[in-house]
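Right after this note come the structures.
Heads up, the next two complexes both have chain A, just with different partners, chain B and then chain C.
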Partner chain A sequence: MKHRERTIRRWFTGMGFLLPSLLGFCAFTLVPLALSFAMAFTDWDIMRHNQFRHEPLHFTGLENFIRLFGDPQFWRDLGNTLFLMLGLPFAMAGSLAAALLLTRVSHRRSALRPALVIATLVLVASGLVLLWGGMAELGVWCLFGTLTASVLLAGVLTGGTLYRTLFYLPSFTSGVATYVLWKKLYNPHSGPINFGLTPLLDRLAAAVRTSPGVFTYGLPVLCAGLAVGLVAWDVRRLRSRWSGSEAGLAAVVVGAVTLAVPLGLLLHWQGFSLLVTGSVVAVGAGVCIVTTVRRPRPWGRVRSAGEGAGIEIALALLLLPVLLMLAAGIQVGPALPALAANGLEPPDWLGSYGWAKPALMMMALWAAIGSNNMILYLAGLGSISPELYEAADMDGASPSQRFWHITWPQLAPVTFFIAVMGIINGMQGGFEVARSMTAGGPAGATTTLSYYIFSEGFETGRLGYASAIAWVLFALVFIFSLLNFRFGNRDAND
Partner chain B sequence: MSETKSISSKPPGAARGLGLHGLLTLLSLGMIAPFVWMVLTSLKSLPEVGDAAWLPKHFLWGNYPEVFSVIPFLRFMANSVVIAGWVTLLQVFTSALAAFSFSRLQWPGRDRVFFLYLGTMMLPGLVMVIPNFQLMVRFGLVDSYLGLVLPAAFGAFGTFLLRQFMLGIPRSLDEAAEIDGAGKWRIFWDVVLPLSRPGLVTLAIFTFMGNFQSFFWPLVMMKTVDKFPLPVGLLFFDFEHGQATHLLMAAVTMSVVPLIVIFAVLQKQLIRGIQVGGVKG
Partner chain C sequence: MKRIFLLSLTVLTLAAGLLYWTLPEKRSGAPVLYWATQNDANKRETVALFKSWLAQQGLPPVDLRIDNAGLEASSPGGSPKVLVQGAAGIGGDLIDVYTYQLEMYQEAGMLADLTEDGRRGGFSSDMIYPALRGDLVLDGRQYGFPRQSGVDMCWYNRDTFERYHLPEPSPHWTWDEFEELGRRFVAATNPPGTRQRSYFIDRVWPPVLRRGVGLSTYNETGTRCTLDDPRAIEVLKRIYRWTIDERLMPTQQEQKALASELSGQDSAFSLFATGRFAMLYEGLWASMELRHMGKLRLGLVEPFTGGFRNALAGNGTVAIYAGTKHREQAEQFLRFLTSKPYNLFVARIGDSLPPVPAYTRSEAYFHPRGQENEWEARKNFAAATEEIGIGGTTSPFVLPILAFRIDNDTIEAMLTGLISPEEAARTTARRINEEIALRVRQNPSLQPLFAERQKIQRQIDERRAAGRPVPAAWISDPFLLAYYRAQGWLEKEAAP
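Entry: the complex of A and B
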């Protein structure tokens, strides 16, 4: 009896501490969750069921979901969401590159003197110009000279910390304020981006007019060559490493799907011909499978199937947009001379159907390079054992071998984690940006799934339908959460 | 030191070092260029906004006070600070209590409840938004500060983060306190809480920043302009007076600069927080 009493007392103590949190958790997470699930199976519409009108609410079973799968807007918004997520590999590559550069610079003092001398010279020179010339034409150059010199100076003196800070700023300040700022930057008539692009495009148009052949044939050939080169590079990797599939079948499938499905959908939506779509998907899937099969390596080997899958997802995600851009290059080349005849105009960015998404992606890239991902990569780089590099040096490894055989596989858990989190966030994202920059337009080009949920739930008021979309979104996210749970490295997770 | 050396084997030549610094400087400038344009444009006059030149002919510092006469900017800012502050306070306090219960106390059913918490961390917030709003309508909390603070103040993430942190504090300390006759509350308040300070600080910073910038929930909840938090207020400004680019940029500058200051001051804690496990967003 005494034992039972104690158990009950312990339960009350534990609950006592938990209670404040648990109450809020029930009220704002569990109850809404149950409600949302129930709502997804009803025809709740704010126009018919509200404080003033009480039409009976019907349970409609799976009707919302069935309607959803036939809803062209759902598929369009899912496509938009996936398209915007294609920026992720660039962001990851950027973060990794930034982290690598920052790791190299820290603590290195021998670069101090020349950098200091140059920075001081620039500072003095811009100061002098400012004194003599005033703020007129040269003013902005002085400003940038001074800025450059100050950054360089502070960067050298702080051993790289300043660079890290400046890289991190866009991500830290990211929010409605910076979106509004970028909306102004993208303004086709008064924004600095198009002011900067116009002279460049004029020069390009002139070049196309003088030698159209270079662009009609040269560009496609170059792009095709690069694509073939990319594949060849992987075939070479395969040949040197072929021996059983350590990374496992799961990795092959996961990587192939990661690459092929979005690529195929994307090319289809962008109106590429079936031939181009098919061949690019085939090449992509081939590359993916080829990269997957590798044999054990002496250093930095793949430790598990999960890690293999992680590497494959990351690699496939990285290859995907590159191949896509090459495909675009093949298509654009022949059309260029006709376009350039009247001079090339800079794009309308947020106002044009084709450019709105890339514009948002470029802004996202700006914010993502120096984000938490870079910090995670920095931590990952710091934890790689120096002995691995020493072993590689003794084998006479080249810098690229050091990277591909040690750094990249050692960072695989971090890369995997960043990729999965990026996908999870990307699936749910896009609302804030679209709401503050484009209102989902033009013609729905930037309406993501989260935006669709917002407009169904809070604008048209079809609460039941909006809940159904939310649960489908949850199902999509859940797949990737499971992937993370199953294959993710605990070190990177916890 | 050694790890730096090992990642690049070449001896650190002065030219290479300089090239590296030059490259990083250029990249940094690219990162802050939008901010430079923002500040310079905020000092222009309206006709000058459409010019290609970045520099204004005269620095019009008067644009800044003018913002206050067009929109209640300070009010927006104060709203944001107060809302995010309350959310942070509640979040840190309830999460710490819950984390203590999950990490330090033994009670039947504890692990099952914790898994329930964990499970909801995977849920997209979007799933909860629609019913939450209907609940707010029922409770009459739409367009109130309370309606903004409460749903954001209890999260599984904070509990999870602090639990991980508290698991790292040696148990022998509370056993010693228990022998000295301290109750559970004393152990929580005098032993575990002070030792979890880095975790609490991390959670506080992330919660505050996240809620200072939050947009979706205030956008659907708030109807009165005077109650808008800053992000919604900025968007409102853009919709109403978007053509006044110079004033808009002044407002944006005033919204971004506090963030930059916070970041500069708290950089170390932030970066440690991200690395330790505050991996969010």
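Entry: the complex of A and C
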């Protein structure tokens, strides 16, 4: 009896502790979630259903969802959201590179420290003197160079602590403050980015005018060469993975399509019809797939067709932008002399339809490299057993082999976690940045789904429709996460 | 652990109690009213003036406080904060409402109907500029009272024109004259290699340009968007040419970039003062900002048109929240807006025209001491509001913010080269008409009105096709009513 009483009392005590949290969860998460699900199937409009107007709420079935799929703005904003997420693999690669660099920073103390500090101070002072004396351009460059040098030097002297702090700085700086900063950096008239680009573009324009042939033919040839090299490397890698039973058919298809799409786009830019470009993509990818899967597999069959697809998708996201840039280089080369005739203008970063999204991606990349992802990678690197590296050293492994055969597989669970979280955040994100920097413009170029939900729900008051968009977004996040678990998790566990 | 938990609970409960007792409602001896408006010096002075006016009238004191958190007052859709708080039952007692916002707030039912109280309390809509009644009266019901009124005109800096040996614009000018003068200005101020670009004007208002060729956003009854008209395409072509080809004005994104260059003050005014903007398309309130830039030699002309002289007129209206617990005090504030001290205060500072027209015809308005450079502009603003000012166009069948957003989006898409002016016009009209159809379908209470208006529209179209005049009562659009009157297309109206 006593035991039973004690158990009941403990249960009540436990519930007493849990209750505030449970009540908060129910009131602010569970109930709104259930309500928003129900609202998605109604015509709930803040104008007609509120404190003052009590028109009957109508169940509209799937009408909101049907309207959504026919709404061009939804597709545009979904496209924008997915486009902005293309920066994710680069952000992950950047975080990993930063973490790798930070684990290698030497902890040695230098006797030269006072001399380096004095040299830094002298350089900063000279930059300020130049600025004071009216030599603004030289002064700014001098200061910029000095600051970069002093960061490098101070990093060496402090054994990496400074670097870790600097890299992590964007994460603990208020988002809106960094957006304001980047807005100033991107200013087309007075921003330091265009300030630095302008003389470079002036020189480039002069060079193009002096020797147009080099750019008309040289740039496309160089880009084509690089593209062919990259494609050849990837085909070789894909075949090797197939032969080594590391990749199934799905992985090969993803890899082959990744390589064929930029070619199709290049043809499309040159005015070929959709039929021609589509056929070229299909034939190119088909040839790659057929020649790969006909190769023998000495280690036997893979467990499923989806084997290794996660890695191929991740690599595709890295390769595609690079190949697209090379394709753009082939396309732009012949047009450069005409463009450079009156000088080359630096981009209107946030004002141009074509540049606004890449500008936001670059900013996001800056913030993401030193974010929590870097901390996770640092922790992951710290947990890799040193014996593995020692064994590799004894086997005579090169640094590249050490990375690809030890570090990368050991970090797979961390990478998987970062990828899942990155995709979820990417799908849900983009609201604050677009609202602060571009208001979703120009012409909706930076309006993401979350921004669209806000404007439908709180600017036009159509809460039912906004809820439908939110639930479709949830479904997309769910599907992406499912695919990640289906294809990526296996690689992580392997 | 239990003790820590209980201690935390006690501390939190005490803190909540403390917070409750520090609420203004608990500490103030007078009823506390919240006014959702921008927190600037003029509003603060208005609050002080209201308190002293109450004392002079022998009325009990009221603790009027400004609530500007999260406000985006001048946005055509209003502030999401005002809408969401208002619809949820926790809105400010007094709400600032600008052109195009009234329909939205009224439709949400969050504005108090002041028709009878206004008549009884001395703040009826009959007291304001007739052209601006549409800004606070919907379907014959009054929902607020203006704290200021006026039109947008084109300011210019005489020194800038003199510096580049350019003639000043004529008081009534056309698109072609604007384009010609603008082209000469940007050529003179932007030699090759210019990095800090100068522009002829800060912006244009597409509805005013359309009105200049006799076109409104909707038809006479507001049942259909008419922006696919060839005249709308001509306006879009002009906007494209002025913005992209001739670069007479910045794009919206360029405006934002210019604003980020000069943080801490409104960039347009600084650029105007330094000659990088030859003209500013703003209301009289701009004079308050321009005063900080020194004694500029200011000139003012009407908006350039395609033939029909007009200017977009609007009020800064104060409405009373339907859920206020202090209706009486809120109405006292609206009565204060009709008072002499307040109207003379607006006249003196030049924050648009006083809401009661009689006070515009005062020395305080026309000849404020120390602001001689504004005298001519003030005279022109007063005249333009009376002669060519026309209130904003809205349709009861589509939210103004949606129509504005669609119009703005397609113009931006055209300016970025994504679509042609013809496609932009077609897209705007199609999307707004789709919104009208959706709204009418989803809102059964609108359906009888829509059917009735469509019937009237058919009659209007028949009469217009036959060249017969139309009764004024059939036309709900303020611009088309003025246009029809000017063209002699209305049936003879009975003398007032």
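Methods note: the second predicted complex is superposed on the first by the 332 of 494 C-alpha atoms of A that agree within 3 Å, B and C clash if a C-alpha of one lies under 4 Å from a C-alpha of the other, contacts with A are read in each partner's own complex, and residues count from 1 in each chain.
Here is the rule we go by: contacts are C-beta pairs under 8 Å (C-beta built on N, C-alpha and C of every residue); 3 or more make two chains touch, one makes a residue touch a chain.
From a predicted model like this one, the values you see are computed outputs, not experimental measurements.
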Partner chain in contact with A:350 - chain B first, chain C second, else both or neither: second
Partner chain in contact with A:55 - chain B first, chain C second, else both or neither: second
Chain C versus chain B, contacts on chain A by residue: B
Which of chain B and chain C A:458 touches, first, second, both or neither: both
First (chain B), second (chain C), both or neither touched by A:442: second
First (chain B), second (chain C), both or neither touched by A:43: second
A:17 touches, of chain B and chain C: first, second, both or neither? both
A:188 touches, of chain B and chain C: first, second, both or neither? second
Chain B and chain C contact sites that coincide on chain A, given as residue numbers: 13, 17, 180, 183-184, 189-190, 454, 458
Of all residues in chain B, those that touch chain A in their complex: 1-9, 12-18, 20-29, 31-32, 34-38, 41, 49-55, 90, 93-95, 97-98, 100-102, 105-110, 113, 116-117, 120, 122-135, 150-151, 153-154, 156, 159, 164, 184, 188, 209, 213, 215-216, 219-220, 230-232, 234-235, 238, 245, 248-249, 252, 255-256, 259-260, 263-264, 267, 270-271, 274-275, 277, 279-281
Residues of chain A that touch chain B when the two form their complex: 7, 10-11, 13-15, 17-18, 20-25, 27-33, 35-36, 39, 98, 100-108, 110-111, 113-115, 118, 135, 139-140, 143-144, 147-148, 151-152, 155-156, 160, 162-163, 165-170, 172-178, 180-185, 189-190, 192, 195, 366, 369-370, 372, 375-376, 379, 381-382, 384, 386, 389-390, 393, 399, 402, 407, 417, 421, 425, 427-428, 431-432, 435-436, 450, 453-454, 457-458, 463, 466-467, 470-471, 473-474, 477-478, 481, 494
Complex interface listing, chain A residues touching chain C: 13, 16-17, 43, 45-48, 50-53, 55, 180, 183-184, 186-190, 198, 342-343, 348, 350-353, 356, 438-439, 441-445, 454-455, 458-461
Parts of chain C lying in touch with chain A, wherever the complex brings them together: 1-2, 5, 77, 80, 83-84, 87-89, 104, 107-110, 192-193, 195-197, 251-254, 256-258, 260-261, 322-323, 399, 401-402, 405, 409, 412-413, 415-418, 442-443, 445
